[in-house]
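In what follows, chain A forms one complex with chain B and a second complex with chain C.
On to the complex of A and B.
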């Protein structure tokens, strides 16, 4: 199985574990990930306004590169995934955005949203299959684990189309596949406070307080996330509750850590 | 642009049809940052629809929104208040000398763990 892969800036720096362990696990599971050529930062957040064209171009370039290779595009960071998937949706469904981006890029063939964008969790569920992930586990992670989805993997539900945005299960099924016990909290898809970490850290501190208190009250021993910013905000406010990337805990289970 | 033209532009670039709102308040009830915002998602919709955009432009409410899209997901009429809020924010930061975050401001909350993602996201939300 061969895929194009978009790691993203933060995964090359502050969130190396998210990238390195995703690659190791992919290899172990027989998946070949090839980085997009000359990829650029996705910008961290999708710009919702229709007249924001320039801020969507880096995603279009990555999507078009995968299209030229005839591959689906795999992401692992929640934020990159949200931005790229939403831009892809616009390229397929918003004639104004499509015209602006194609007019600027002047590609050999216009890009119209052809590439399939898959988050690593979807790769595990839909392409490899959780039952095959389970078979590859050598060190079952026998812990009570809470999945923290945050906003970016799930919303907007009609575009992200990963799971039920209000009652998701993909991460819980992932936890079960690697031998853990999923611990569900209603705060798992509430926002961590996001980029207000830069302007007013009291905001993420408050939100992450609610979130991690809820995980603790439910008896979680570990929290998993796919987002470096959720990781940062949660970690600073979770006390002694460990927060790890889902790819790192998968690597532990697959014996490649 | 006068205020009504600005309101029209906000509707145009956000793609939001404010008339679809049935004023149920579910967006605001869903907003995790409710207590932190002077005006709430349903008020963005109502104010823009009814000629009170000036209140939104004078407030920092748009800059307190986390773009978590809870209000969008839970709106029974698919109004997408967060897109309207982002268009208000853009209306402000697209004006000359109106960046809400200067590179030097970041230093105050900078530390060894702060991910690049946080900085680029904040720059995108608060500057042009």
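On to the complex of A and C.
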């Protein structure tokens, strides 16, 4: 199984574990990930301004690169996934964005949203299958684990089309597959406070406070996430509750950590 | 050669704004057989019809084409007008230049061109029309009501009072429907059971009404005035003629873990059960999925307990065939499932309940004996949040686009009753809009706000999260423009209502229309709201659209009137546009018999005179009273012997030729 892979800049700096363990796990599971050529930062945030085309171009380049290889594009960072998937949706469904991006890029053939974008969790669920992941586990993670989805991974629901944004289960199923016990909290899909960490750290402190309090109250021993920004905010505000990337805990289970 | 008159209606500006009616009238005069044409502002009005009648008399017309709205609207009007001055009504044809032309086009030149073509096709058809004479068929003086809720009960009572027989077929073991589950009714707050159960008893006691409970309509054949329905009486495993409804068996039954449907699963019932104390008919019924005798072959306690010897484990489903003149659909509604509304946490938290569940909690015969106790720990909730429009008026795939209509009022009722009985309880209601059109409805809602101090918050709830035994409700207050968080003890969701799942199947069975939300479609949204588009099928209650009890009862009585009007006739006029077999062309292959959905075709041996050669042949024969004129046989016939009167192959080809000319 061969896929194009878009790591994103945070995964080369602050969130190396998310990237490194995702690659190791992919190799262990027989998946070949090839980095997109000359990829650039996705922009970090999907801009909702109607006439904002420039910030979408790096995503289109990455998507087009995967299209030229005839591969699906795998992402692992929630934020990159959100930006790239939404830009891809625009290229397929929004004539204005499509025309603007294609006019600027002047690609050999125009890009119209042909590439399939899948998050690493979807790769595990839909391409490899959680039952096969389970078979590959050598070191079952016998812990009570809470999945923290944050907001970017699932929303907007009709575009991301990964799971029910209000009551998701993909990460809980992932936890079960690697031998853990999923601990469900109603706050698992609430926002961590995101970039307000820069301007008003009290907001993420408050949000992460009630998120992690709820995880603890339900008896979680570990929290997993797919988002570097969630990780940053949660870690600063979770007290003694460990927070790790889902790829790291998968690597532990597969014996490649 | 026919002498045809063509009449073009403006329909006010409905047609005239997009179609140049003068041009159509002028073009008509160039068509073969047309001797007269005219246009008029409202052709269906008395003076418009007068125009048609005068022309028939003065110009000696033998055929009429009216270019107007759909034939479903006014074909009968113009045929009647023609008949009144001696023209056979089937010499009148309608060219639909409104729904099929002016309403869907914007450009006048294009609209006019299309209207001319449609007129031309109709003229070509009328040139080949022949006078047809409608036969008569007898009316079976009995009505079938499908569904035994308040809608079905009221319809049945009204029909029976007029002196006609009525059968109610109810799929549950008792009649009563949703209204039987309600505690109080708005806006008068009278007890639901107290006003419903006497009607249930009246229905059961009426000598003209027969109740088939725990039964379903399996199939319906026939046509208006003469339907045949197959009713499957499901096995109760209790003999109805012997059971006294004493309830002793339900007390002795050792299997007591089945969720009680009547209490919305908030407590349990025994395997042999009577749905509720006032059930009609009051017979016990065994649920074989829960019964130890059916599961293990042991037990048999109910059989031994029953002094009346009514228990019969070997009872089988029974199919009954009955004839009816009219059928009323009153299949009602259900509350939608809330599995896809994760933001409210209904499936995770026992203290997030639907309003129907709250009805049962507040009811004296409910799971808590009428005490307001929350399901998780049976304590009295101090703070209650009501959320309106859950699944109604939404855009997501799990949402319904329509307003469920009853929720604003029952939520105000719940809030008021709780504040009345438990003044120490704080009550919040989140709403998008409060909709209270109805007699004394707005006053009722104002009382909840002003007299009972219910906190109405304009805004929606984004999340309900379980938090240390409380339900933390995150909502927005749009008037204050702020986020609000309420730590509630109980959250009540006003879930949308949807037609009962049987509606789709029944609509298909009765070949009547259904909309995208599975509500049955009325024949006309304003002028024929209780009739379906299929003759002899009538609609009563929520199966046609969301409505409250007073509205349901009104519609139920209206449907009854329509049924009575039909049953009062000894005979009804049949549709003369039925199939006809040319006995000289028929080769007796049976193709038509196989495709006929009404069983109208049989084969007979008949002596025919084929150009002087006399011989007995096996040929198709159409029962004109049963044939509905669908035309399936004319397409299936390989030798071209089958034809449909009024829609002959020649006529249709002439129309096609005229369109393509």
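The working rule: the second predicted complex is superposed on the first by the 257 of 257 C-alpha atoms of A that agree within 3 Å, B and C clash if a C-alpha of one lies under 4 Å from a C-alpha of the other, contacts with A are read in each partner's own complex, and residues count from 1 in each chain.
Heads up, the rule we're going with is that a contact is a pair of C-beta atoms (placed from the backbone, for glycine too) under 8 Å apart; a residue touches a chain by one contact, two chains touch by 3 or more.
None of these values were measured; they are calculated from a predicted model.
Trainee: Between chain B and chain C, which makes contact with more of the residues in chain A?
Mentor: B
Trainee: Does chain B (first) or chain C (second) touch A:120, or do both, or does neither?
Mentor: Touch status of A:120: no partner.
Trainee: With the two complexes superposed on chain A, say which partner A:51 touches: chain B (first), chain C (second), both, or neither.
Mentor: A:51: touches chain B, not chain C.
Trainee: Which partner chains sit in contact with A:190 here, chain B, chain C, both or neither? Use first/second/both/neither.
Mentor: Both partners.
Trainee: May I ask you to decide whether A:77 touches chain B, chain C, both, or neither, giving the answer as first, second, both or neither?
Mentor: first
Trainee: In the superposed arrangement, does A:166 touch chain B (first), chain C (second), both or neither?
Mentor: both
Trainee: With both complexes superposed on chain A, which partner does A:246 reach: first (chain B), second (chain C), both or neither?
Mentor: Once the two structures are laid over each other on A, A:246 reaches no partner at all.
Trainee: Quick one: classify A:214 as touching chain B (first), chain C (second), both or neither.
Mentor: After superposition on chain A, A:214 lies in contact with chain C alone.
Trainee: Residue by residue on chain A, keep only those touching chain B in one complex and chain C in the other, then list them.
Mentor: 165-166, 190
Trainee: Within their complex, state which residues of chain A touch chain B.
Mentor: Those residues of chain A that touch chain B are 8-10, 13-15, 41, 43-45, 47-52, 55, 77, 79, 151, 154-157, 165-166, 190-191, 193-199, 201, 203, 207, 228-229, 231-232, 235-236.
Trainee: List the residues on chain A that touch chain C in their complex, please.
Mentor: Within the complex, chain A touches chain C at residues 164-168, 184-187, 190, 210, 214, 217.
Trainee: In their complex, what parts of chain C are in touch with chain A?
Mentor: Counting only chain C, the residues touching chain A are 340-343, 345, 347-348, 463-468.
Trainee: Going by the contact rule at the top, pick out the chain B residues touching chain A in the complex.
Mentor: 12-15, 32-33, 36, 63-64, 66-70, 72-73, 82-83, 86-87, 90, 100-101, 105-106, 109, 113-122, 124-126
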